[in-house]
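You will see two complexes here that share subunit A, one where it goes with subunit B and one where it goes with subunit C.
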Partner chain A sequence: MTGKSKTSVASILPGAVTLVLATVYLIVLLRVENQATILALLGVGIAAVVMANWLGWFASVGQSFGEREGPLGLLAVGLAVVVAGYFHGDHFVLLLLCTVLLYTLATLGLNLQFGFAGVLNFAGASFFGIGAYTAAVLNEHTSIPHLFVLLIGGGMAALIGSLLLLPVLRTRGHYAAVVTIAFALLFKTFLEVNDLLGGPQGLQVKSMVLFGWSFNNNIEIGSLELSFYFAYFIASVLLLVGAFILVRRLERSWIGLNLDALRLDETAAQCFGLNIVRWKVTAFLLGNFLIGVAGTLQGFVTGFVQPNSYTFADSLIFVSILLLGGIGNPWGVAVATIIVVIVPEKLQVIQEYRFLLFSSLVIMVLLFRPDGLLPRSVRNYFPGWRP
Partner chain B sequence: MDLGLLAQYVMNGLMLGMMYALVAVGFTLFFGVLDIIKFSHGDVLTVGAFTALATFIALSALGIESSVVQLLVMLLAAIGAMAFLGAVIARAFVLPLRSAPPLNTLLITLMIGTVLREMVRLFYPDGANPKPFPRLLPADSVNLGGFNLRLDNVILLVAGALVIVCLQLVLNKTKLGLAIRAVAQDEETTKIMGVNFNRIVLVTFAIGSGLAAFAGVMNGLYYNEINFGIGLYLGVVGFSAAIIGGLGNIYGAILGGFLFAALQTIGAVSLPFASAYKDVFAFAVVIAIMAWRPTGLIPEKTSERV
Partner chain C sequence: MTQTSPDALLTVQALTKRFGGLVALDQLELEMYRGEIIGLIGPNGSGKTTFFNVITGLYGADGGNVRFGGADITRSTPQAVYHAGISRTFQRSRLSLPLSIFDNIMIGNHKRLSQGVWFNIMRRGAFRAEFAASFEEARALVEVFDAPLADRMLEPVGGLPMIDRRRIEICRALISRPKLLLLDEPSAGMTHDETKQLMDDILEIRDRIQELSIVIVEHEMGVIERITDRCIVLNFGRKIADGTFAMIAADKQVQEAYLGLQ
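Up next, the complex of A and B:
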């Protein structure tokens, strides 16, 4: 068939090579301790990306990701496990990897609200915190199995989020932003003054127990000893993969199409008979649920919750991740989370300055590259279809 | 309730209302000329208050002890610097994004606010902790039967009222004010009439930010303490006040400011647990108001163009 060459799927190779290179780079970056070397490494990384962009390599990488997403996703998961396996005994690095995965999960939820439906949420960290506090409270006072605690944490975030539904639905744009900003400030103040929830000192979270197996013991397989964070890492990977597939499927389905229509033009969408309220509610609650689940597991991982981890500034970090990665693109979110979480942790000099740094970065992105590092591509209606 | 205590609450409410009104007027001005919400407004207030504090320290180091001179110089420095900062923000970040989606403007002003807040926290010496603000106004008080009417509070109130009256005179009686109102009403026609649109926008941002600096100094003089977070709080509250009154309407903003302060004071008086939960209550009220009247008590006139 002559048509076959036109619709044939792109090679998987560029995507796979990029993933492997990125993994190697990540391992080296996580391995190095010397601050000057880290700085040099970051410089090399930025230079390589700029160079590849200049040479136009990213077009083919984007194509292979667009068309062979399944196998590449599988490869990405495998490589993530490889990275974790390499650092199997290192508590700190595994904790960092867990944080990356859970932040990605939370930002996927935000992406659903912000990127697909266009519903603003500047209280991401608050809903994250609701999950974490749910974990702390339920763990302390009940013996609900921890798998359900995860679901309840997400449910609580969605439930408390539903209190905001009325104002969020009635307002638009700038006005809607204020609702969630006010909620973020309210939530943190509430945690601080509420003695039942530990006040400013916060609460301890007992370790996770799944199927009779406590997560806080180091794992021994033969002579190999794994850090206890490894179990959390696996749990985070599983959750993230599930959420990623869910978000991807949603995006490709008629629901995603409805959400896109809603975001691009509310009035037009309404004229075509879409139920605006229904889809906004769906996106807002489902997004909050994902953020809540991520927060719950994060509570288990860190073993400790306090109001200062869930401030408005942290919510803005989530928004920065989304914007940096490219609103609407889950892969971009993953890349941006790695940058936003790992760089300040490795480069101790900038740890204190991270809010400043990332908000300046977002300002730059908005001024010079408003679509983010990895812009969302045009909806792929059929496999192999090119617009 | 004891009459003296009641008077105390009323005085406190009036002071809060004046500050909220000053911030709200800024929001309304910006919205008028550009149809945007500048979320960094509150943080400009913070920077203004810290500029005043730094000026005070510099003046003390120079050996100028007269509190009248100190206060005047502080006000001039803070208002001048913030007017400049406001114009710079408009020129460098807000105007270039005029053709971008509104979401981008929202995000960029939000992030500028964060940058300003973080700069104060990180680069002002020991900026992460609350800073004492000097008492520069006479602390005399008149006893009115169980209630101490403090002179400094009266001065602050009168000064705030004067500023608002002046602003209102500028807007209604001068050519500049006419231009600002014209731009707010219809940008294109105004351009055709030969008004320099960009300049009017910059001047409006300068005026609004100057007001914020004034409110910041007022806040410092009233509480005798400032911290890097005051702007975020006053910004959200001031914005809600502007919304209550209906954006784009100066009188609405002033009314909204006092109304919000009244709500807060009533909340503090009538709810038994309210002292600790004062801010929680305030923000809950903000959210409730947004749900009840999404575009304000005096709604902004909109028509959807499709």
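Up next, the complex of A and C:
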């Protein structure tokens, strides 16, 4: 027993150290404005990762996260708050952090669909948009408490997504993908021609009020003044933590096993009693719900919604985050989102070429590291515990 | 060992399956008793795998019927056939390679695991108890086949040699305690000694699980002679002989159709 607990204690260090280093790096990257310095910093970052990989460091980091995910997750949340605290008055950075968190949340939904159940969804941004538009409309015309608006936004995404269920279930493989692409294109056109939803100009979203607290005001604690985005940041963190735990528990249960089984071999799964339709539907709807919830909060955060924010190209961003991070691994999704959201914001030279860059990056990863930057490991139902 | 109980477990009448113009199963008749081990033999392409696929509901029959434990399962889905108590292995191994040994075996345990969403996500204490019990059960089952393998339950199957994969596939089929086990060339790709060992393990399991009936497709006649109570010989989808190994081995038609071909 003592031997076992010793190894566990030892194994938390690589993960913790990596998290702290990554946080410091992120703070520096977010602070620096000079383009040349940013370029140099990115170079240093890539070199460090390649070097660490070469030295075999990531094997122990992986072990660390594998066995001690709980404490490391807590540390990650704490460090995220530290980053936000460091930039407490900076609207731009806090907005960026919210975007990272909510994109991660949405991609977790996509991960449930594609990573676990193998159902492709190229309309992620549409379902994200459904959430955001739900926030705008409900906020304008009703006085439903905003906590419920979040749930309704997710529910709407799941409900409208169920329109796609028949084609998604009936067809195997790529045809289902085409159906979701068609939906993504139609969705944007629908928004553009719909005057009730503001047409191409979109709609304003009034700020969030939770438990009597309006998110519109800057927060003052003593002499410290926090950006109003800080409250949104906290809300995003809480939602993401909830979704992360949900997705993890799902994965580490018989349901996660069902989804893997039907993705990997539908015929064998059928021969062992698995109801393919039930579990595909569950994964697709639950995934869309998470995407919708993320979109709803994003609607509140940005304060306005417009068709151009929810295009097919944005859906591709979600998919590339998933491919880049490591299909099936929520930590990989988080890391990939940080890269995909923050780098183009900081490095203005690549802004215009970001799609080109991401697609090349994704192709590179698919070629040389097909399981993504942080590949999913074999299921461990209760990390650090064995029967 | 033959026919300890006289009641039929599986009754197949005039079962027919066509693929276009090809008759893969032709008016097949078969009666099988509880606890029996039947060898299903015949040259390649004679319809053995097709027979399994029709029984398990993967292919729809074009004629005839299948009764299992008194119920008609001719038009049942694969899911329903599994729930009725039939499980199988596949000629070309169909394990999920990225998943662990334990996960693969649990796929076969589907009907005995709690499938509720709320249970799986929110009642983690109860889930942990079910997990621990299942883990122990799966481990014990694997141990019958290969003790060292039982210590590697959380390793991915993809890294294992063929013989271990075959063993795990049989464990996956056995874990739900089926009444009827269909084994499609379980020893394909194994050496003579490995095959012998595998068959010993299968017999040991059968002695433990009372009333387990087995249909096994196997090419090695020594194996068939040793473990089966009765043999069915197929040729071009038709049953050409049905009897003990000694009987079918002496059969002229069988020698021409099958043994002569070797």
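The definition used in the following text is that the second predicted complex is superposed on the first by the 370 of 387 C-alpha atoms of A that agree within 3 Å, B and C clash if a C-alpha of one lies under 4 Å from a C-alpha of the other, contacts with A are read in each partner's own complex, and residues count from 1 in each chain.
Note that in this section contacts are C-beta pairs under 8 Å (C-beta built on N, C-alpha and C of every residue); 3 or more make two chains touch, one makes a residue touch a chain.
Just so it is clear, the model here is predicted, and its values are computed rather than measured.
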item: When subunit B and subunit C are modelled together on subunit A, clash or fit; value: fit
item: Touched partner set for A:189, first subunit B, second subunit C, both or neither; value: first
item: Which superposed partner A:167 touches (first subunit B, second subunit C, both, neither); value: first
item: Subunit B, subunit C and vertex subunit A (Cα centres) - angle in steps of 10°; value: 80
item: Touched partner set for A:268, first subunit B, second subunit C, both or neither; value: both
item: Subunit B versus subunit C as contact partner of A:323, first or second or both or neither; value: first
item: Subunit A: partner with more touched residues, subunit B or subunit C; value: B
item: Contacts of A:249 with subunit B and subunit C, given as first, second, both or neither; value: second
item: First (subunit B), second (subunit C), both or neither touched by A:367; value: first
item: Partner chain in contact with A:55 - subunit B first, subunit C second, else both or neither; value: neither
item: First, second, both or neither for A:379, with subunit B first and subunit C second; value: second
item: Which of subunit B and subunit C A:181 touches, first, second, both or neither; value: first
item: Least Cα gap, in Å, left between subunit B and subunit C after the two complexes are fitted on chain A; value: 7
item: Common interface residues of subunit A - those touching subunit B in one complex and subunit C in the other; value: 267-268
item: Subunit A-touching residues of subunit C, taken from the complex the two chains share; value: 56, 58, 77-79, 81-83, 87-88, 90, 94-100, 103, 106-108, 110-111, 113-115, 117, 120-121, 124, 127-128, 131-132, 135-136, 154-156, 172, 176
item: Contacting residues of subunit B [partner subunit A, same complex]; value: 36-37, 39, 93, 96-97, 100, 102-104, 106-108, 110-112, 114-115, 118-119, 122, 232-233, 236, 239-240, 243, 276-277, 279-280, 283-284, 286-288, 290-291, 294-295, 304, 306
item: Residue numbers on subunit A that touch subunit B, as the complex places them; value: 118, 120, 122, 164, 166-167, 170-175, 177-179, 181-183, 185-186, 189-190, 193, 267-268, 312-313, 316, 319-320, 323, 352-353, 355-356, 359-360, 362-363, 366-367, 370
item: Complex contact set, residues of subunit A against subunit C; value: 246, 249-250, 253-255, 257-258, 260-261, 264-265, 267-275, 282, 378-382, 387
